[in-house]
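Below, subunit A partners subunit B and then partners subunit C, in two separate complexes.
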Partner chain A sequence: MIGPFVETGLLSPAAGLVMAILIGFAFGWFLEQGGLGNARKLAGQFYLTDLTVFKVMFSAIVTAALGLFWFGRLGVIDPALLYVPVTYVLPQLAGGVVFGLGFVMGGLCPGTSCVAASTGRIDGLALMAGMLFGVLGFNELYPVIASFYSSTPMGAATVPDLLGIPTGNALFLLTVIAIAAFVVGHRIERRLRGLTSKRG
Partner chain B sequence: MTTHRVLAGAALLLASLGLVVGDPPASRGAPVPRVFAWVSAYDSARVDAVTLAEWLRDRRRNLSILDVRPADAFRDFHLPRAVHMPLAELGIVPADSAATVVVYGDREPDAQRAWLVLSAFGHQDVRALEEGIRGWLVDVINPVLPRPTTPAEEIEFDRRADLSRYFGGLPRLGEPIDPTARAEDVLTRTRRRGCAF
Partner chain C sequence: MSDRRSGRPYMDPYLAGVGIGCVLLAAFVVMGHGLGASGAFSSVVASGVALADSARAASNDAYAGYLPGGPASVFRDWFVLEVAGVFLGGMASALLAGRFRRAVDRGPRISSRARLVYAFGGGAVMGLGAKLARGCTSGLALTGGAVFSVGSWIFIAGAFGAGYLFAPLFRRQWL
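Let's look at the complex of A and B:
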């Protein structure tokens, strides 16, 4: 097995950080190319008139899941060396709500705000500043919210473990749900865009 | 057929094959995980104040304690045998494979950063004090211990109380210290400042 490169020692941690920066640039470039640096486009997601973000993110999840599964199956990557983020149910639900509110109000998420800022959009810069203040604020508030922050822990929860099914079955389920969601989403998008243009 | 349909078909085909090939084999003698596994490694690198107090009392060999708080806070109060070492200067601490290095700050995130830096600089056994200096003040210097009701609890009570007194603490029965109290407020209740070895 050769991957993950840093974990297996093929790349030094420093080289891994350089790779992360390069991949970050590529990620940002593709987001910008996909129009995801535009707050109007992103906000369209919440009105169901433009589901680009949903499609991009869900297709990225399916692509990564398929890639990891098959690279693991073919012995290229050792899945046991991948870090699985730990689940804390209530704090992460609360975080999701805060994230969603910020997203719908600002029209950008953390990644896309960087993309927007890099192209000189003022809203992107404002959101990045907000994000930095949020990070500092969280650090200052940490002693107060520490107990909530680490409440309802579930460990490194994964869908196959939670459902008690093999990884392959979970992957199939995820792919079918994604394709169905794309088809349904596309129809909703077309219908609502039609309504909007008629009203306009 | 559009590109979207081709990609969806390919994804569905790969996912369907996943149903029959089974899960990836388990890790084969995995090498020591690094960067990403640091996050989970940190959990096992934490040391609670009571354990650290026992190490100090038992004169554990090759134990060094680094205080990453500001110099004035260090002057006010620090753990026995602690050396002041600002976060920015941690890189100069020579790595010693036989040493256990315990780091602490005002709060645990400071120790977490110090732990990360020292681990990156090749220190083998780095521990971060849980809850920082506050953990020491609350659990060692001012422990509030539940009234023992069973023989096992009495042994535990005596052990904790003796440990606290060893470091000049004031073990008490009764109401716990307010979990939101600031370290400085807890500090004012200490009987003596520091403990010279």
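Let's look at the complex of A and C:
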């Protein structure tokens, strides 16, 4: 077991902060390369005119999940040291719904708004300002909503634990679902292209 | 979509996705945690409030959690530095591909000013949602999705479900 480097002491926390800039740089690079700094392209996901968000996100999740699984198997990382975002069922469902409303209204998410802003898009800057305002609003309301915020906790629950199957099986299922969804996505795109070319 | 002024075409989305997946994997191998974005906004807000009114920040856990080292915490926050990197990486990529452009991305039927109002409003709504859910598309959906977090997949279902549900309300803005 050699990783995660900062957790096993192979790398100091200070070096981790330098890595933050490098990792962020690569993240921003690929987001821009994929076209995710463009609000119209992102919003197209919700009108099925552009499925880039879906393709990028799903292939990123599957790539990372496969990598984590095999790195764990090969002893490159200790899976027990990986941080799993904690589950709070109702707050995360409600938060997701509120987030989705903001997403289709603003056309960018918090990360992609930074890419939009850094590539000259003024709407990216406006969305970032809105985010700061929304976070401030939540924090000011926090004492009132703290009990709901902490309700229905499940700790670091994972889907394979919940289904009672090994992680490898869940990974296989995820990969099959992703491939099937990509195929369906291409059908949708072909049909829409057919419609627009008939119209135009 | 392919306007001559808009620079070189984008990378294949699957390739970009695999690239982001590898970056996410690298974050886990190096740090033991994934990527994020909304956390950086939380850190900036917490440090700002702590500077303006330290008693207010100290008495509210929503701020205090982001202030392990007082108002200067923002400069040592991993996610703030990561997002600074996202800025630089996005800018470098756009400049090299000829896609850097001072513009407001919007549909053909809406004014720039109205689009900016919607962007600010959408950001504010998303700020509330991301705080309530404990993360956004990067830190919760992408990162937690890859480690099969139950809450992450609940968030993905809620966010995309709501996106499609509310999309007709904003159609004029985009199409």
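The working rule: the second predicted complex is superposed on the first by the 194 of 200 C-alpha atoms of A that agree within 3 Å, B and C clash if a C-alpha of one lies under 4 Å from a C-alpha of the other, contacts with A are read in each partner's own complex, and residues count from 1 in each chain.
Everything that follows uses one rule, which is that contacts are C-beta pairs under 8 Å (C-beta built on N, C-alpha and C of every residue); 3 or more make two chains touch, one makes a residue touch a chain.
As the structure is a computational prediction, the values presented were derived from the model and not from experiment.
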Of subunit B and subunit C, the chain that contacts the larger number of subunit A residues: C
First (subunit B), second (subunit C), both or neither touched by A:72: first
Partner chain(s) touched by A:143 [first = subunit B, second = subunit C, both, neither]: both
Which superposed partner A:185 touches (first subunit B, second subunit C, both, neither): neither
Subunit B versus subunit C as contact partner of A:89, first or second or both or neither: second
Partner chain in contact with A:80 - subunit B first, subunit C second, else both or neither: first
First, second, both or neither for A:4, with subunit B first and subunit C second: both
Touching partner for A:169 - first (subunit B), second (subunit C), both, neither: first
Interface residues of subunit A shared between complexes with subunit B and subunit C: 4, 6-7, 16, 59, 62-63, 81-83, 86, 139, 142-143, 156, 167, 174, 182
Subunit C residues within the subunit A interface of the complex: 10-11, 13-14, 16-35, 37-38, 41-42, 44-46, 49, 60-63, 76, 78-79, 81-94, 97, 99-107, 112, 115-167, 169-171, 173-175
In the complex with subunit C, residue positions of subunit A that touch it: 3-7, 11, 16-17, 19-40, 43-47, 49, 51-52, 55-65, 67-68, 71, 76-77, 81-89, 91-124, 126-140, 142-143, 145-146, 149, 154, 156-160, 162, 167, 170, 174, 182
Complex contacts: residues of subunit B adjacent to subunit A: 4, 7-8, 11-12, 14-16, 18-28, 30-31, 33-37, 39-40, 107, 109, 120, 179-180
Complex contacts: residues of subunit A adjacent to subunit B: 1, 4, 6-9, 13, 16, 59, 62-63, 66, 69-70, 72-73, 75, 78-83, 86, 139, 142-144, 147, 156, 166-169, 171-172, 174-176, 178-179, 182
